[in-house]
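Got a structure for you, questions after.
Letters A, B and C name the chains as they come in the text, with residue numbers starting at 1 for each one.
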């Protein structure tokens, strides 16, 4: 044992110098980066590069094939004056707003009800959630059949004797967008329920017991104690659902085809129609960029608060 | 040649310096304990020795060879982790032999090594179990077995006993000591438990804020602490620190201790223990360090207490621990703890005649907190 | 919270009864489309008349299923969805395996071999989970053309791998973050290297997250429509695209029973996975979306 205060006392001691990692150490240092590099390259090219590429296309007059004749923001200006784009955007607001709101309410309600020590809870949960496993195309096909006025629910209820019953939203230009809401809620609300249920199970039991000992009634406990605890879940649910809403493409294609006319178009179908079938690549790209903008508008505050809470957590 | 030598090692995490110019060296077969409160850098130092954390500057040598920039595998060391870190998908046997397998040791030798450590640690009956089927104590043994299977140059133990319950911890402590005596291995052992440090070490490094405050034998660190921190950290119950004023009269020093509502105490400082540094502190506040066992009941009347000082403080609490009795007594501005024999008849609220063994007392500068005498 | 004793009053009983009533009603709402789909798919066409939506078939038949599988018209061709079902399998299996393998290695490297900027790399890749795919469609079409993969299964596999690794990396990264790093340290001291540690130490404990990742990728890719419709030709279409074509082909009388049978065929693989491994399915959904 040598005292700490005289480290370099012995002869022949080399003064500490800049390190030369051993070959093995250097290899070990670079291997993780090497393993990640294909994914980084993929991400840079296929995500960031493609976003930039689409942006560039949106500044061109491309129609059938990409051309690089720049027209500035003319395609965006065209979008702003396009009636069909406005219909699609308005539809997204209506569809997205209702879809998110109903999913949240229904999901929270079902989660709270399921949290009351229900017999067969597992079976019920399975039933509520299975639509999430289906393709939106399947969902669209099934609901198209159910909402078909001639043979579906309308016909069935009329068969029960309610001759004047009307449920023909699918063919009503003013109402078609609401059929999308029904089908999408059917598909995704069970998932929101699962999110909330997980949130409820995560709440410390002793908080609830304390509230009960304080004499609060069950609805009051939920309203005042439990639901405020679920705020982060609400936050993520809104985030995920809006994301689904903005991306909604397959459901529209299968359920309404964007119709009648283009009454139930959404930006996603608008983009696809213009870029792939109507030979308006420039316009389609501009609409895609606006969709990206919409997602970012939701994502950025979400990520910001996530990071903030993590830093403070 | 030193088995392990650390020279001027610094380690930064961002702008924070967790190791500040740490140097030490231990000989082959020595048992070094790094001890200190959490966040003192002891675990970082251990990871630096293991090669799990690169150092910012400085040099690490194992058996004379510089290893500062080598991978952990190249350094030929074995480590026992606080969480044991047993490979969950492998049996005990596979856990123990994995390191040998990675080093391309032939199968027969690996099996022999497994048998050897299993015998040594009495875990032969557990060899075909998975870690999840073991108790905490058994896992600890397997973790040690994994380290012992190879014969590396240095063993590192990172708080290996802190996840065990109190009784098991004491048993394992004894066992580790026996193993070390038997195998003569070089061990660096991190703990925050000062009793472990005292009982196991050949050499203790007390760390705080990324520095080694004192490096010495357990006896030195305990009886000759360099400052208030080391003095307070080692020993349980902790050393009593009593505010006093240093006075001098006719070349002799004495300490004045004021206890509110009591007579002022004059404690003569033993002549043999005077230091030049004391001269500058005359008339100024100092801190007197007294370990609980430096108090003795007066009727013990031990002959070597010629420098002892008699006092009769008021006892506030009496805490029998079985082997001895801890007394809380009023001394100076606060209270002090004294450890007396189990037969002492002290009563809370009353006075008791006690002697202070000034020959073993220590004195600190109240400003720098460094040792004065 | 139900550990607390509650008085069993009449009111409480009524409340309990209505609770179950609401839950069962909700279950019926979710179940109804599947039931209708199933019973319609085994009805002969003549039994499909207004008002018989929920009636059980009088003469159940598997003919619609047979027709949907092998004869029904999807656009120009009348070969059923069977061939497209195989297409889907041929696309899904390699895409799932490749993206899961890459995700596992990425997650491992990002958590257990951190380096300066590894968090940034993760954030960079994570963003791929969030983009609307419309924004990559046109460049992708052109790139596939350059690679000579237009309208091929290989092209679709590539697309699904490229946009799947963001999710699989997220899964594995979040799983491996919770694996104690001391395990890796111990293995390093034992002399194991990057791949050896992955293969011998980490992979054996990764079964749960592998299942989650495989199920998630499987349902995502199987259910994909956008990439399928944008990047495939007649003979490489996945089943979802074929189903949509079948339903929208208007030659002769509309055969709803065949439509429903085809929908069932397209839905069955993911439904079976859900029923068999629902727990992991839910875990994937929540892991893939809640925690970033």
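Rule of thumb we're sticking to: a contact is a pair of C-beta atoms (placed from the backbone, for glycine too) under 8 Å apart; a residue touches a chain by one contact, two chains touch by 3 or more.
Given the structure is predicted, the values throughout are model-derived calculations rather than measurements.
Set against one another, B-C and A-C show the most C-beta pairs in contact at A-C. Taking the CA centroid of chain C as reference, the farthest chain centroid is that of B. Chain geometry summary: the mean Cα position of chain B and that of chain C are 57 Å apart.
Taking each chain's centre as the mean of its C-alpha atoms, chain A lies 15 Å from chain C. Multi-chain contact residues of chain B (touching two or more other chains) are listed as 71, 73.
In chain A, the residues that reach two or more other chains under the touch definition are 28. Multi-chain contact residues of chain C (touching two or more other chains): 193.
Note for the complex: chain A touches chain B at residues 1-5, 7-8, 13-14, 16-17, 19-22, 24-25, 28. The touching residues of chain A, counted against chain C in their complex, run 28-29, 31-33, 35-36, 38-40, 42-44, 46-51, 53-54, 57, 66, 110, 113-114, 116-118, 124, 126-139, 141-146, 150-153, 155-156, 158-160, 186, 190-191, 194-195, 198, 205, 208-209, 212, 221, 233, 236, 239-240, 243, 246-247, 249-250, 253-254, 257, 267-268, 271-272, 275-276, 281, 284-285, 287-289, 291-292, 294-295, 299, 303, 306. Within the complex formed with chain B, the chain C residues making contact are 180, 182-183, 185-193, 196, 200-201, 204-205.
Chain B makes touch with chain A in their complex at residues 2, 7-8, 22-27, 30, 32, 54, 57-59, 66, 68-71, 73-74, 202-203, 205, 212, 215, 217. Taken together, the chain C residues at the contact with chain A in this complex read 1-4, 19-20, 22-23, 26-27, 29-34, 36-37, 40, 48-54, 102, 105-106, 109-110, 113, 115, 118, 121, 124-125, 127-128, 130-140, 142-143, 162-163, 165-166, 169, 193-194, 219, 222-226, 229-230, 240, 243-244, 247-248, 256, 259-260, 262-263, 266-267, 270-271, 273-275, 278, 281-282, 285-286, 289-290, 292.
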